[in-house]
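Got some structures for you, see below.
Each of the two complexes below includes chain A, the first together with chain B, the second together with chain C.
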Partner chain A sequence: MSNAIEIERLGYRAGRAFEIKDLDLHVPRGAIYGFLGPNGCGKTTTIRLLLGLLRPLAGRITVLGDAVPRDAARILARVGFVPEQPHLDPILTVRETLAFHAAFYPTWDWPWAERLRGQFQLQDGQPFGRLSKGQKGKLMMLLALAQRPELLVLDEPTDGLDPVVRRDVLSALLEYVAQRQATVFISSHLVHELERFCDWIGVMDQGRLIVELPMERFKNGIKRLRIDGTPATPDNLPFVLLAREPANGTGETWLVREWEPQMAAFFDAYGVSLHQVIDLDLEEGFVELLRTFRGPRA
Partner chain B sequence: MFEHLNPRSPIPLYEQIANRVRLAVATGELRPATALPSVRQLATELRVNPATVVQAYRDLESEGFVEMRQGAGTFVREIAPQTRARERTRQAAALVREMLAQAGRLGVSRQELQAALAEEIGVGTP
Partner chain C sequence: MFRVMLYSQWKWSRPIVLLGSVAGFALPIVSLQGARGGESSPLEPAELLRTVQSWGVLYPVLAATLGLLVAIATWTPDHRGRHVHALVLPVPRWRYVLLRFGAGAALLAAPIIAVTAGALLATWSAKIPAGLQGYPATLAVRFALAVLVAFSVFFAVSAGTARTAGIILALIGGVILVQILAHVATVDLDLLAKLQLVVLNWPGPLAIFAGRWMLIDV
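And now, the complex of A and B:
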């Protein structure tokens, strides 16, 4: 299975403070890929680079089999993009905005655009500038979906929207994915939201991709282990030890990555008693991963 | 029917969906020949990945709980009474295992648990 997005050793620099360095990223076709990372880590810049809106200093980007930025025009015709900030003309009405967008995309689907407009309760005559934040969010998603793209690139599409609007927007997205088998690349701070539907997770921090894994492997691989005593760290660990911290009394808590259930046997051989293996949800796993990436305590 | 899905649980969502259907079939809540929602409907309604629903339905089909008919949809199959009974036993065992695991985490002993169970069920109390 080929990849919808492939980024190899990407380099980019803006000013002295910000740099993307040796970024590798792979989004399999048909995946719903959740792109996570703290504010300012380079997510939006990466998105702009992969759409050809910025020029990389180094590396190779391929989207839907075509090279960026060389084939950017051909790629953009097949990609639905929801930017972090809507950049539509505030004086155009909803109807005019739809007509404007439709003109750029031969694949535009008017009947579906109309159905979504009704479902989202957007009024034809309303100027974009007068729409509420929620209505703007719905219109942005409508524009990206009605062009029937092969790939959707969504930069915080539900940021600042209320739960009802978020639900409507995501339901429309998933309905489209179910009928079209499109690929979705979505960045969000609402980690619990991504946990429902993403099957791949990439985590970025400080201009690098620090993890890229199928969702289940990422989630089930990060554990807190409660162990007795404070043994020396063995050098043949079958998992990745992210941190060791003293726990109440005589034991320790180990934070590990790439854990698998049969690894409990490792502790027997090593003569340390493993009390408990604690599951983390996606958000906890994400927070712990960043904390240990930034300041390793192992 | 699927209101108790928990995306934060370590149990994958496809397994939670499949399990909910197994239970509904075993208890008779879903009768034979009933149509399950389409992949598109369920993914949209639950806001889950369509692939998650497909995987749940495939697992249910390979276990004989449902039948997927090309173009028509997914339907509950006629299940032998022994199979239903076995499924109920399996579900009961899973509930108890979950309870024991939680009791272990909270430091509640087996005796205390047994006493509480007897009390709640209403056996062994005057």
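And now, the complex of A and C:
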């Protein structure tokens, strides 16, 4: 499968405090890729780099087969973008905003834009600057969808929205993806939200990509193991040991990645009894991953 | 694309354009008020020329003000949105800048037409003493050029970041500082006069603003 987004060894620096170094990222075509990370980890900067808004210091970015920033204008005609902060002209009304946006996109779909406007209950004559946060979020999503993009890049699109608005916005997005088989690259720190519909996941922290996996592998592969005793760490582990910590006096809890059920046999051979294998949900997995990345305790 | 850009800028610039048009239309008419006094007290040629010349100072002021305000209004929506919307539109950046410039310049056509109409009406209805002539077309063309020069300069400055504006201000401040230091050290250096000569004398970039702006002249 070819990739809708390919980032190779990307480097970028903003001041002394923040740096993206050797970032590799691959978003398969047709995937809904959840780009996770805590606030300030570099998600928005990465998005700005892949849309050509910022110039990288090193590395290569390809979006929909074209190079960024060289072919940015051609790429942007095929990409719908919802930024973290609404940035539209505050004195234009909803109708005028749609007309302004439509003029730049040859693929703009007016009937669908009208349907979404009705569905989102946006009034034609309301100026953008006087819309509520939820209405602004809906309008931003409408603009991104009605241009019929092949790729949607969404930067925290539901951050700060109430649950009803969030559901409306995400339903419209998923309906479009189902119709068009578009690729979605969605950044968020709301882990539970991405868990419901993403099929790929990338986790970023401190300007680096920690992990990039299909969602199922990520969710099923991170486990908490309860074992007896405190054995020395073996050299030939079949999984990745992220962390180990004492539990219940005599035992230990191991946090592992890339776990498979048949690996339980490893403990028998090692002479350690494995008591329990605990599934982690995406949020727990994400938190543990960040903890171990920031300070390895294994 | 140009149509929506023009409309968006019209919404930001309309008070400026409307006020500028009213002022532009009224200025030539008011400046020739004295020549419309009827048979009872028509102005003497010398007095009329003095009046026209004193009112003429306002044309470059109006042109510069309009250029400045429309240029600021042109970039306001983009500055407010930190240019994100502009940068993610699928057009090359140079084309976007041209669209913004073209829309701003098109909006300035209204005050230019107003000055032309005002100047034509004023000269048509005035009693111009023998030996003097009306130059409404020349004045209108000069006003148009001055407005476009001012708009272009301020458009370029407004397009930049706060850092660009800071650099420009620092340069101006530097020139003034050097001048003050030269004066204190009694060095024979008149930097400001030289700068004025370069900028305001032909073929300086702002030469269009210098000299007399006469609707009626010999």
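We adopt the following convention: the second predicted complex is superposed on the first by the 298 of 298 C-alpha atoms of A that agree within 3 Å, B and C clash if a C-alpha of one lies under 4 Å from a C-alpha of the other, contacts with A are read in each partner's own complex, and residues count from 1 in each chain.
Just so we're on the same page, a residue touches a chain if its C-beta (ideal position, glycine included) is under 8 Å from a C-beta of that chain, and two chains touch if they have at least 3 such contacts.
Note that the coordinates shown come from a computational prediction; the quantities given were computed from them, not determined experimentally.
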Three-chain arrangement built on chain A, chain B and chain C clash or fit: fit
Which of chain B and chain C A:His87 touches, first, second, both or neither: second
First, second, both or neither for A:Phe197, with chain B first and chain C second: first
Partner chain(s) touched by A:Ala67 [first = chain B, second = chain C, both, neither]: neither
Centroid geometry (CA): angle chain B/chain A/chain C, rounded to a multiple of 10 degrees: 140
Which superposed partner A:Glu175 touches (first chain B, second chain C, both, neither): first
Partner chain in contact with A:Ile32 - chain B first, chain C second, else both or neither: first
Chain B versus chain C as contact partner of A:Asn220, first or second or both or neither: first
Chain B versus chain C - smallest C-alpha distance in the overlay, whole Å: 27
Chain B/chain C common contact set on chain A: none
Interface residues, chain C side, partner chain A - complex: 1, 3-5, 7-8, 11-12, 77, 80-82, 84-85, 87-92
Contacting residues of chain B [partner chain A, same complex]: 7-10, 12-13, 39-40, 43-52, 105
Touching residues on chain A, where the partner in the complex is chain B: 30, 32, 167, 170-172, 174-175, 177-179, 192, 195-199, 216, 219-220, 276, 279, 281-283
Of all residues in chain A, those that touch chain C in their complex: 51-53, 73-77, 79, 81, 83, 85, 87-92, 96, 99-100, 103-105
